[in-house]
């Protein structure tokens, strides 16, 4: 039981670790937990469209894909040029003493190898979450975001993911709630 | 496609809405996305132990359970005494224009009614995530957390959840990484 | 005496509750206390121009108008479409055990009904404070602020308030201190 | 009109200037606007008890008392040993071009001289607001707050203010909302 | 020994005092410690180019130049119009009980008088650090930064510092890491 | 010239990278720039006591010792168990195109090898800065800090550093300014 508790406190630190790319982007920010949350939902959405994909597996994979960062820290694209992360060891240490640890380790390795249908979906979901954040920052006035977006969209794998990215780039991040119903906004 | 993009920007605002209970607790804090992330992992863990539970459903339910708060806002226990939230309307508005909206709405309603095995697991997971946060704040010096914990543990439903809570209350939140290997800490 | 102390701690939580509209605006932010502070000063200013207005009453009304939010939470325009707030109950609970509670409750109700001269002034002051914040964010680069401003100015009631809003939209938010006296800026 | 707008943007910067004492206290924090907000409410409360006090004047005085800090900055008790602030000049500059500037200047000077009934009430209110914050931080675990409180209560002038301070020191800052009604907390 | 410890805790508060100019700029921010850190590095760089400059002295001077602000607070250009700071007293109080206090005091006075080669270099370094921050904020979308930059560059003394400032204004603040190697960004 | 500008923007990111150990400690926080600032001052202080030490070199070494983290990121003691950082490559990349790059690289390598007098002083200064922060957090109520301190003091090398640490552990972090002169605190 203590193993489970320790594991849950470990998962909790992902709420406190900021994703380091934002230090370079200059505006915005989120925790690893924030990120994984929406990656899981995007993965679900992508998987629902693919008959051969196991949607639930893609969701779990997305929830777990950054779990090792509780131990290794979060590395952005600049950091990665200088650092070698022993993720296998981190995965082993986090998973070895809990009963479902093997399943978690397996899903993380599958995500990293990027071969299976679900892994490719989850990796696209990982990128799309960042593309949505970059678009948001662009809408809020950060002129650098445009260049980051150019590179980010190139990392996408599937055709659908790319079309979704095109649509993201054309959609104002406030559109979902800013319905142009003047009556609501003046008298509400 | 635009509907999906708008939905994803909507999901993104959950990363920016702070859970309001912390204003009253006085220390700590997290976003709704942070919270839902670990609730989903706890639900997975609880469901793996219950043969009759659909673990994957419990995970999805946990990911979606606070989605309506993107529209309604987050209400803590004090707020709830004064506010009536039309969650059904929020669920409908968020879900109506996306193809998988029916599934999301259904899972949220199931969570709220708290009847099914998965709903009961997810509701315990919801509480356990907060219990873990309260314990963390207690470890960091917030003397109020003790009283909050007393009430929080009473909201738990299953026997296993209660035993897990007992173990949480006896475990230092740093134990998972603070291995007492002096060599590491002095020479590392 | 304890009632007074509890009331004052309750008032204090307004310093810790962020105004939720900024989650949607994307930049900026303020507490309910921050907001009420300047609303009171704006109301004073508006009332001084209106011979029939009781300036002091307008100031008190502005200071108290969001007091119930210590219990109900702060709801932005999106939230308000999905939530019914029992403000009367909140007002009653906050006011019942202090001697001047009746006066506070009366002022809040008067503000909400928006009928009296002072109430209309205070409601305009409420809007103008937000218009000033939106203009500030616009000056700092948030392109969304323009659209929000369009709707916000339409909520104003009096002719003077609208003219003041026009002037706000034409004034750089730094002008009050950025006197173009080069000598000061180079040698100061 | 522009003078009024510039004045209002100037008032707005008080929402962005943190009260510097908290850098030394180590926990907590608030803006000058946050502080003035509750000082005004406390002054109202103190004045209602004193038949010879003009409650409305005490409220206005409290709202304006730190207005010059938009230009001078906020100085804590350590800073004050090393700095001479030309507050008269700041008051003059902020007030000279608005029609009600004379009234504001007059109230600030009255507050600073601390002679009149209202000035003494407002100065006690100024201290009481900080005492409430120190008590809050003490409740949250900051052991330094006790010593700060010892000195703060000695700055109070009136007998009622001192009795109020005694009551503050004996009241848990969460008591106003943490009603021990288990039913609410378990089933709410 | 205690004097040294007290001195080091005093130095530590510079990490907690925000540089107040950013309240007026509206975006960005840094502590006095952050600022002094890069000023020291810039001073080193400027001094290495000047044969007659004592590079090490310029570095120490830069590290110490804002030490008195631990006691006096940080004053921006608006504050300085209204405040007289007794920096000598602050320097004396901070330095009197430590053995190397005389050296610190001497360096601070030298910096303030701005006469020596090193003092002039350090003062340019002080400005250049802020110019770099303003450029960063400009790149991130703050349109006000342009005007601040106009005045800031005029405060520079040496020809080299002015040329360096010209180059800063033409360089994107992300250029140092955003190498346009598409391979890195797409496959990294 | 552009190389220098790029180098200075690179140095600037150290103001934005939080030192990751605080995510685990739970309270407090500082940037790499904040940290390096006081490490440099502590190194100066330690070197002044050692006749054979080049104080100026120790200061520069301290200022530069974490420069590579602009590229590699900051790794705490947990991260270091899982990550191999190619610091030499980071040092090379940051230094290769500026004229004084060789000196910076040399000082960083000297610090890392920990052999020279100055390197040992600077490494002790690195630890002492963290010990001061841990003591501060302990004073503010974080009960975990005690255990961290136990291990941190063991990493110190010189006898003087250890005695300084003992004194730190016995000194209240507020003592430097909280002079018990009641007159100041009541009437100031």
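In order of appearance the chains are A, B, C, D, E and F, and numbering begins at 1 in each one.
Simple rule for what comes next: contacts are C-beta pairs under 8 Å (C-beta built on N, C-alpha and C of every residue); 3 or more make two chains touch, one makes a residue touch a chain.
Here the structure is a predicted model, which means the values were calculated and not measured.
Minimum number of contact steps separating chain B from chain D: 1. As for how the two copies chain A and chain F face one another, over half of their interface residue numbers coincide. Centroid analysis (C-alpha atoms only) places B farthest from chain E.
Distance between chain centres (mean CA atoms), chain B to chain F: 38 Å.
Inter-chain centre distance (chain B to chain C, centres taken as mean C-alpha positions): 33 Å.
Inter-chain spacing, taken between the CA centroids of chain E and chain F, is 18 Å.
Along chain F, residues 24, 71, 78, 81, 136, 140-141, 173-174, 177 each make contact with two or more other chains.
Per the contact rule defined earlier, chains pair up in contact as A-B, A-C, A-E, A-F, B-C, B-D, B-F, C-D, C-E, D-E, D-F, E-F.
In the complex of the two chains, the chain E residues touching chain A come out as 136, 139-141, 173-174, 177-178, 182, 184-186, 188.
Residues 13, 16-18, 20, 23-24, 68, 71-76, 78-79, 81-87, 89-90 of chain B are the ones touching chain C in the complex.
On the chain F side of its complex with chain B, the touching residues are 24, 26-27, 77-78, 80-81, 140-144, 147, 151, 154-155. Chain F meets chain E in the complex at residues 1-2, 4-12, 14-15, 30-31, 33-34, 36-38, 40-42, 44-45, 48, 56, 59-60, 63-64, 71, 99-100, 128, 132-133, 136, 163-164, 167-168, 171, 173-177.
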